[in-house]
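Labels run A, B, C, D, E and F following the written order; every chain starts at residue 1.
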Amino acid sequence: MRNDQRSTNSLRPITITPNFVKHPEGSVLIQVGDTKVICNASIEDRVPPFMRGQGKGWITAEYAMLPRATEQRNIRESSKGKVSGRTMEIQRLIGRALRAVVDLDKIGERTVWVDCDVIQADGGTRTASITGAFVAVVHAFGKLLEKKVLSKMPVTDFLAATSVGVLPNGTEILDLNYEEDSKAHVDMNIVMTGSGEFVELQGTGEEATFTANQLQTMLQLANEGIVTIIDKQKESLGDLVNRIGETIPRKSVEEKG
Amino acid sequence: MRNDQRSTNSLRPITITPNFVKHPEGSVLIQVGDTKVICNASIEDRVPPFMRGQGKGWITAEYAMLPRATEQRNIRESSKGKVSGRTMEIQRLIGRALRAVVDLDKIGERTVWVDCDVIQADGGTRTASITGAFVAVVHAFGKLLEKKVLSKMPVTDFLAATSVGVLPNGTEILDLNYEEDSKAHVDMNIVMTGSGEFVELQGTGEEATFTANQLQTMLQLANEGIVTIIDKQKESLGDLVNRIGETIPRKSVEEKG
Amino acid sequence: MRNDQRSTNSLRPITITPNFVKHPEGSVLIQVGDTKVICNASIEDRVPPFMRGQGKGWITAEYAMLPRATEQRNIRESSKGKVSGRTMEIQRLIGRALRAVVDLDKIGERTVWVDCDVIQADGGTRTASITGAFVAVVHAFGKLLEKKVLSKMPVTDFLAATSVGVLPNGTEILDLNYEEDSKAHVDMNIVMTGSGEFVELQGTGEEATFTANQLQTMLQLANEGIVTIIDKQKESLGDLVNRIGETIPRKSVEEKG
Amino acid sequence: MRNDQRSTNSLRPITITPNFVKHPEGSVLIQVGDTKVICNASIEDRVPPFMRGQGKGWITAEYAMLPRATEQRNIRESSKGKVSGRTMEIQRLIGRALRAVVDLDKIGERTVWVDCDVIQADGGTRTASITGAFVAVVHAFGKLLEKKVLSKMPVTDFLAATSVGVLPNGTEILDLNYEEDSKAHVDMNIVMTGSGEFVELQGTGEEATFTANQLQTMLQLANEGIVTIIDKQKESLGDLVNRIGETIPRKSVEEKG
Amino acid sequence: MRNDQRSTNSLRPITITPNFVKHPEGSVLIQVGDTKVICNASIEDRVPPFMRGQGKGWITAEYAMLPRATEQRNIRESSKGKVSGRTMEIQRLIGRALRAVVDLDKIGERTVWVDCDVIQADGGTRTASITGAFVAVVHAFGKLLEKKVLSKMPVTDFLAATSVGVLPNGTEILDLNYEEDSKAHVDMNIVMTGSGEFVELQGTGEEATFTANQLQTMLQLANEGIVTIIDKQKESLGDLVNRIGETIPRKSVEEKG
Amino acid sequence: MRNDQRSTNSLRPITITPNFVKHPEGSVLIQVGDTKVICNASIEDRVPPFMRGQGKGWITAEYAMLPRATEQRNIRESSKGKVSGRTMEIQRLIGRALRAVVDLDKIGERTVWVDCDVIQADGGTRTASITGAFVAVVHAFGKLLEKKVLSKMPVTDFLAATSVGVLPNGTEILDLNYEEDSKAHVDMNIVMTGSGEFVELQGTGEEATFTANQLQTMLQLANEGIVTIIDKQKESLGDLVNRIGETIPRKSVEEKG
């Protein structure tokens, strides 16, 4: 039995509120259980120096927590004067994941800045950030479609993320909350597309190593969870749902052909 | 006529939502027109090194904006590796203002950390932060009263803030929104107590200097606005309203006696 | 009675020594009682990136104290690797104040760097800095007039600053020295022009709030003090005195017209 | 065919030189093809502040590259004044991996500092670092056994790492060199124990997503590679080989029991 | 002929003004030609952590220039957030030099902070700093003698510094001003004691190498200059002159015995 | 007798291994006794901003130690976020010394980056770095000669460095190892050219001052040592030996003519 009575393969309730902040091109509040993240997507009409003149765009992400998003107050990274290793890992992960489903050749020399700010944390903030950021990015591109800046949606597929893990008693579970995450022996974050392929897999067994069988069970749990999460994303996207995938992905491993 | 049809002495609509984030001892979302600030108050059971052993407490504040709280995205201060002068001025102001109405001798060796995070900005973020932070701090002390950690509310009076200014046409106005603030020739932030005394006065005439008469008109506008704002605070404080002032202020200028 | 026998409305002795350092375009040593500040004004023939191409100039200020300007040695800000909030507040104040009396449209794409370095501190270092910096800036523009780089003095009015406050016994006083400042319940810095208008007003009652009556008394004391200080500035400006105001201020609140 | 004529499941030649630097308790130079890393393990007789008084130890890792370890010279991180996100990710990974096979309860209040300095890079520097660091750490504990500071080897199992990936033509390959890594559509780093369990799995498909089948093929390649690498580690450990595992792991997922 | 008509072996005029700033235990303004440095010595009643418990003291120095001490304005090191390599070299040199003539075993667990702030620069700021700092330090110890905190002057000998160099035409000269320094092919700073021994020798031939003969000529010039400079120091020390050397130096190379 | 049985005028064994790392244009491992330094020279086809458009080149050096190059592990400067004063002094010295024997006018707008990374330290790391860096730089220019980018070797003379010092018993010695360096009363680093002229002289007597006679003895020891070291450099340079000096030095003190 899990501490919040869920079955091993149950997700926590998910709510995605679009247009949460008024200024950004795309803005959602995503709630996954008690985890709440504001995901804002901003379009800037230029790319970083190292990409100029190539006619293509870029997506980059930043991630932060309010100091009291957590049970204990954390020191603000602006006060410390530097961003922690954990924050850097998370923002690199979010950016990489989003770039996997956006055809950067189709967005011109623009940068999409994705800001994920956790206002309340209860485990799974990085996977909630990816799931919410995907919606915010689609909304932001929706604005560019409306304004006829772009003629096709450059998003090639859906993208969502969740966590799986192994409890100390050996049970594999889906979507860990904070208490479960603290106790788990194995913790894995998985990012997948709407077509069921992997974008990113990060599994760590600091407290205990894990077997090939456990890995397979966790992959199966994640696969099922992702399908449900993408259904939630669709509800918050309205007519934009049908425009995902209208661009052919720019690259694919030949085996897929 | 003002750009949002208000009369010169009208405030924007104010909403204060208590218990906005679950972890902090006190947490409110304050909305003043389109300005939205999360104000969290956290109690830590120790004071900074320079105050140890004196048996008294401390209140300190931090202020930040989400990168896309504004029309143009701002670079995160954690990425820049340093806090701007503007941010420092604001957080020093918030801390100073709150300390003026809390009897630090009565709270033991504790620090109250006040975090004001602007999620949407439309002018007046620093004064909204002070007004919201006051409520969050009272709630936080309310928790200490409930737990019998404190026996009396250490808050000596109400505290609220607003802005006044002079438009290019010479009209003095109350509670400037972003567009007004950008155009105003004179901008003044005023922090006052429930008993109508001044805590802080910061007036700047970078675009144009101002006369003694204009100053008096602005002070009058602020005075009226503060009374209305404090009424809003009371609505969000419930029974705690009656406990404000049960501690005698620790110091007062003799004239008052 | 004040600790140095002054009456409540007396300033400390003021000395302004022009041409104190040989390299800067304008350089003065200002002494206000035991407070001594070197104010240097440097002209740079370009403006910061955000202002380029607008055909106008900029004035910016920096402020620092020698480590042993004070009774206790302070750690150098270069060693700490960052500038304190207090320093930032002061240098922003000095820059803002000076810009209020210089017609930036008339100086071309030039930056005036004002450096205020306190070599000995006894209270009132920020107001002494403003008063001295004004003289240094006028001298610097004087150099540009001599060289025919400018044809008119771009300074529209005199500018000086002083402090007022309320002692614990309720007495309002002018020009606080360090000991008075440490004990005062209310502390206010006031920057005014030669024509008696306000440029900046910063009043703080951390130790005790203050009433509208006390505010009026303090404003009156400041007003009288500023007149005397401007007389001192005039003595150190020689023929340049007559050139102040030969440019019409670029903006004014209509009421004045 | 691979650019260096290897078959898809071949490792590059591996050489591990023990006692490479004279001062550290454990020091090896590991060469994996043209990738060369100095791995030093230092024992410090205390733990970080947050662990004091618990009677257990800690292992932490740092990773750096000489500026010209790569084809293009990189700016030194000490000159930039901060450690990059990539570096932080790698050093966190190395530390986590090593802690998975060391019984920290058995080493007393000591910190093992592992320094991995890449002097020449040709792909796979992070996995070579883990493989080499493991040997350096065993040597360092060997010193503590010799000196009778410890009576049992606290290392519970072998630990090694390698990379797998998918080339643009869809071929899965083992142990990518720099040129392969630059072109690969999928890149996965895998850390495993001597008993064939997973410690860490990090797979990324930024250029193309990957299927469940591709994942299985990659896991199989990695599994075989790790067995060979551990044989190489054993050759460089001498008699210490037999002491690995003499401590029972402190924790294990129940399923394993 | 030198650009200021001096002969090759002439010093610039030297003035040492004691008690320049009121707070420090020792404070002098030293002028060497147009170079002006405020040297303050502060006594702190504790030593840095690495020296605690040894019963001896420490001397450390900091050096800075006002931004407009030079012909071109320099960016403040506090704004840059770090101290330059040049500054570090100079402050390490000043500290080392002073420690060579102070018996640290005789001053108890105290730190002498020496602050050398250049307010006007015309070459030779580091050597003027050493010469002036020596006087400030003696005055500071004089205060401790007066207060009976120390019973003997812990300064073992006089200490002064000057520069020598080789002009492009091959002429060796003493005490280079800024213009000479900019042109010189060789530049050497020399610190010597009252008994004519060397404390520090730093000679650099970036523009041209120098021969053993040139070195001898420069050493001779420096030797004569130092004698004159020490006479100047004596004039500003009053009765304290006779107390220098009343402590036996703590260490000496045997040859001297 | 010295702690490693050397006579007072003996160098430690020197080995210079060329082509140590494969990527840099010039790369050597230099060993001086137990001191080991990797010296890499990289050619970049541009110069720093302040030198652009002058048609000449630049040489700059960076120096670092692996954390465990020393008996006690040192904190990495990248972790501290700043480069120490000692490191800055050393890298400024290395750069200055190399520039003294390279005709920067003859290398076009190129920068030579010299990286000296100490992997094992036993005294004399800065002088070993200069000696090794010289060889790496000649090799790097050799590459440019091979590629016909340059037609003449721009190195005007040989360059090597060593240390001398005075032991507590008054004996002057050559090439101090770590233990000797820790005890020495006087420590001097000397950089000389193949024609026996001085490039840099840095002597410090923190523990004891030194006489003119001692200085002469040390200079003589250094002179002899440098001759031997340059012979070692020649062995590692092959045919490039004969190309040193084919460019006439750009400047020389007239006396030499």
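Everything that follows uses one rule, which is that a residue touches a chain if its C-beta (ideal position, glycine included) is under 8 Å from a C-beta of that chain, and two chains touch if they have at least 3 such contacts.
Keep in mind that what you see is a predicted model, and the values were worked out from it rather than measured.
If you take subunit B and subunit F together, no chain is in touch with both. Compared with subunit F, the chain whose C-alpha mean position is the greatest distance off is B. By the residue-number overlap criterion, the interface of subunit B with subunit C counts as same, with over half of its numbers used by both chains.
Relative to the C-alpha centre of subunit D, the farthest chain centre belongs to C. The centroid of the Cα atoms in subunit A and the matching centroid in subunit D are 28 Å apart. If each chain is reduced to the centroid of its CA atoms, subunit C and subunit F end up 52 Å from each other. Chain centres here are Cα averages; for subunit D and subunit F they lie 35 Å apart. Residue positions 81-83 of subunit B each touch two or more of the other chains. Contacts between chains close into a ring here, every chain touching precisely two others.
Order of chains round the ring, counted from subunit A and going first to subunit B: A, B, C, E, F, D. Within the complex formed with subunit A, the subunit B residues making contact are 21-24, 27, 34, 38, 40, 42, 44, 62, 64, 66-71, 73, 76-83, 87, 113, 115, 117, 119-120. On the subunit B side of its complex with subunit C, the touching residues are 82-85, 88-89, 91-92, 96, 99-100, 166, 168-170, 185-186, 188, 193, 195-212, 214-215, 219, 249, 251-256.
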